[in-house]
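Structures incoming, each one as structure tokens.
Each of the next two complexes has chain A plus one more chain, namely chain B in the first and chain C in the second.
Right, the complex of A and B next:
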């Protein structure tokens, strides 16, 4: 497991994935593939297991079945090392470090790229210190904030920003890790229309210009159809359809799951 | 008025030590959600180790103190690695019981090795009172205050400015998010234990120097509870302030209540009365975060 990020050519293959909580089967035998460089949507009604699926990929849950990223079996990789493979995420409920400034949030996001352990990094100065690397990280964080149009907010506590801005901080934090696969859990939920459009444009840009693979949960079908080339539909923990969003919305099983239409 | 100021100054001097020890408790809780009921015992064993080094190695208190901190760090790492790491994900109550168990073991070790009698550090500084204008304060208290202050400033800078401090604060804010950006949680927990052991040992050596060493020193762990609760359980700044406030309350309470009732020893009770009142009216403490359950 190296920290070097290689060219983005790894596909994510979820095979026969199951996860139960007590007697509740949150996921049951789900399989699909996310091709490198694509935007892939996970859709489905509330309680379908979408977030559970994302949590299995990011390592928060330990599922049965297999998740292969390139030729690596992800279920064998401890959660905190998955970012080293290039997998970063944002959360459904805002999960910024509230007491820390926006800039500090960003710097923690880039943390895994620093050499040395926590002990070496506690020495801010001196030969073994991480001063130079930290300065670089600081600069990268500022650059990214500028890209996000948030450089003026750099020194404000992240917890005091608006909902939409906090969501952006969270995604920015994930990007600081220089991921190749970005997992987004309802990135646009609770955003105003203008903010949504801005974020959508931005996701397109990340995908097109930086070749970032994006796997996102999103309820707004308009957004999904505009952004995603592929999608997988879950209902009660099972996959009920997959394919381009414009096709799956017309799938009778999907219509039934969403609006009870026969 | 002079009486009041005298008690106030004494309270601040004593409270600074409370602040420092409470810092260790809050740190472990913040970083790993473990309520460490062995905090007082860490303090006690730290003091005894330092005492033993002073007598065995004949190296003077400062050298012995430095070695003590190293030994305590290793002990903290072992406790975290061998015991608490295995308890990750267990119910809070089980973890609490385990820390109580660790405390009992440490106390038994002290009783076995050193016995229940009061031991004393060789006199480091002559116990001459210093005149602060309104009150004459023992020089030992001044040194204690300065050492506590030094430790707190050091850790404040560490948390504020070092990358590791940044990561530890992030972990305290959200373990899940910290892990998602690659923070090795177990390392952060281990480090929190080291810091807690270091501040506890420092507190132990300081109080040991003032009052002598008995296994009763472990009661200090309970003493800092009012400070921790008043500060808000998960706020480092709040706890620091609260520690001093509690020290002041104890002194003022002890002084005035003795005059009022003729009973001495009421001082240490007052903080606990305050503790109960806080739990009634403001359970989140001075600066703690409100518990919000989100599903």
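Right, the complex of A and C next:
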């Protein structure tokens, strides 16, 4: 059965998070909170630890410190189970499954909802077969593709799409998971201006209409100020500021780190 | 319980569906009309297709390259013979049990392999091949002699598969069932999961795929196919010969799916046809061209090797890719629309 989406009321609390690679401290004692239903930006110069932070939340890295999602300690949850808690992400570099069709990519996003075992899938038909849930997932993927205006591309190999379209597939795949917390790592990087605007509108819509909490890394301060209500600024693995982006940009520490002002 | 909402079809185009049905009919006809020798060739191709589906699932779809597939076929062949002759288990059940034995042993060898990938995984499967082959030569309670064991003709109840045409129908039934299961897996969550963790393991895991479970399932299912194909092969030759399951045969199976096309049903079938028929054709050509028969074997090997290399250069995605292009083109022509 599909799990009904419960009211989005879980906040993400990062507490005293540290992560080092060999001798390099990529994150050092970072704490902040993402309130449910907000768009929260992570900003900072290159190498500040933004992606590392996202990777700790989604599960690639095992950090020290605590990440609490609602009342669940995320660092105790294996990576492949986090999506079932309602946390999905997209990646900085394109990570679609290039050999699979666009539709199949989307269906992977809803993979965690599938319940059928090996027998149900190999025999497929009949009462105990996987057909019903497979067809349901297929339909959900088609519906979402239609929303994204990509239904015509459904049966093309994802690798044949343009860069911007692949990014869209990737975000669509994350949405297929029906997350409550969406982690976006530079979703607009490398996109054309028109595509950027489209995506920005779309993120606003997801947040406003579906109540999705969004935690995103973004370099473009214009976009951050337009979209995000809250932000946290990292530099050399430490948090140097937080607050609404319009206030944060005027913080002298941020200007120094980010723009290079003395 | 009827399905209203459409989903991923078993076969992509209408031409695929009609073509598959036609192919099965043609195979049934051929098996009844051809001479014993040609039926035997057809049986070998069909059994190798079935085995190759398993290897293609494991190495093509899940990306876990194995050079031990023949050894698992051998395990299936010997276990099936043991079930039927020594324990009196009915044939069909014995064949399925042979698949289960291969699947379980495959799973056991798969466990330590989970931490390995690439060349190291190939080495682990090399070890599996060596250990199993050694086991066949040593475990005489199972294999009766280091060279293998005679199994006679297959029989179900009082029915004996006395002629090859009858036995072919049994082989075809298993292979068609295997093909349907393979296609079902490919269009289900497991199929997508295997390809996802093959291409981008980290991303796949973050999309909720259990990497270990997916890979172990691939090991089990792939070797289940090997076990069943091996069992069928035993009664086809009426002798389970140890040397039929050597490292050379395992590598041949890998070449088969690479030439046929990785990760697809068409790849398994076309590759099996290639690997059995091309040496056969080369033999025929050799017999006409040369009076000195001793030169045929080395020339045949050389030409076969050359063909394999040319294929890898000019059609690296295998025969299945060329086949796919042809089918799509023809389907568009015949039915005007794409399905």
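Everything that follows uses one rule, which is that the second predicted complex is superposed on the first by the 247 of 262 C-alpha atoms of A that agree within 3 Å, B and C clash if a C-alpha of one lies under 4 Å from a C-alpha of the other, contacts with A are read in each partner's own complex, and residues count from 1 in each chain.
Basically, a contact is a pair of C-beta atoms (placed from the backbone, for glycine too) under 8 Å apart; a residue touches a chain by one contact, two chains touch by 3 or more.
In this text, all values refer to a predicted model and were calculated from it rather than measured experimentally.
In the three-chain model built by superposing on chain A, chain B clashes with chain C.
In the superposition on chain A, A:43 makes contact with neither chain B nor chain C.
When the two structures are aligned on the shared chain, A:139 is found in touch with chain C, with no touch to chain B. Residue contacts after overlaying the shared chain place A:173 against chain B and chain C alike.
Applying the stated contact rule after C-alpha superposition, one finds that A:58 touches each of chain B and chain C.
Legend: residue contacts after superposition of the two complexes on their common chain; A:93 is shown touching chain B, with no touch to chain C.
Shared interface residues of chain A, touching chain B in one complex and chain C in the other, are 58-60, 79-84, 88-89, 91, 95, 97-100, 104, 107-109, 111-112, 114, 118, 121-124, 130, 134, 173, 177.
Those residues of chain C that touch chain A in the shared complex are 1, 3, 5-8, 181, 184-185, 187-193, 195-196, 199-200, 202-211, 217, 221.
By the touch criterion given at the top, residues 158, 161-167, 169-170, 173-174, 176-185, 187-188, 191, 294 of chain B touch chain A in their complex. Residue ranges of chain A in contact with chain C, taken from their complex: 58-60, 79-84, 88-89, 91, 95, 97-100, 104, 107-109, 111-112, 114, 116, 118, 121-124, 127, 130-132, 134-136, 138-139, 173, 177. Contact residues of chain A toward chain B in the complex are 58-60, 79-84, 88-89, 91, 93, 95-100, 104-105, 107-109, 111-112, 114, 117-119, 121-124, 130, 134, 170, 173-174, 176-177.
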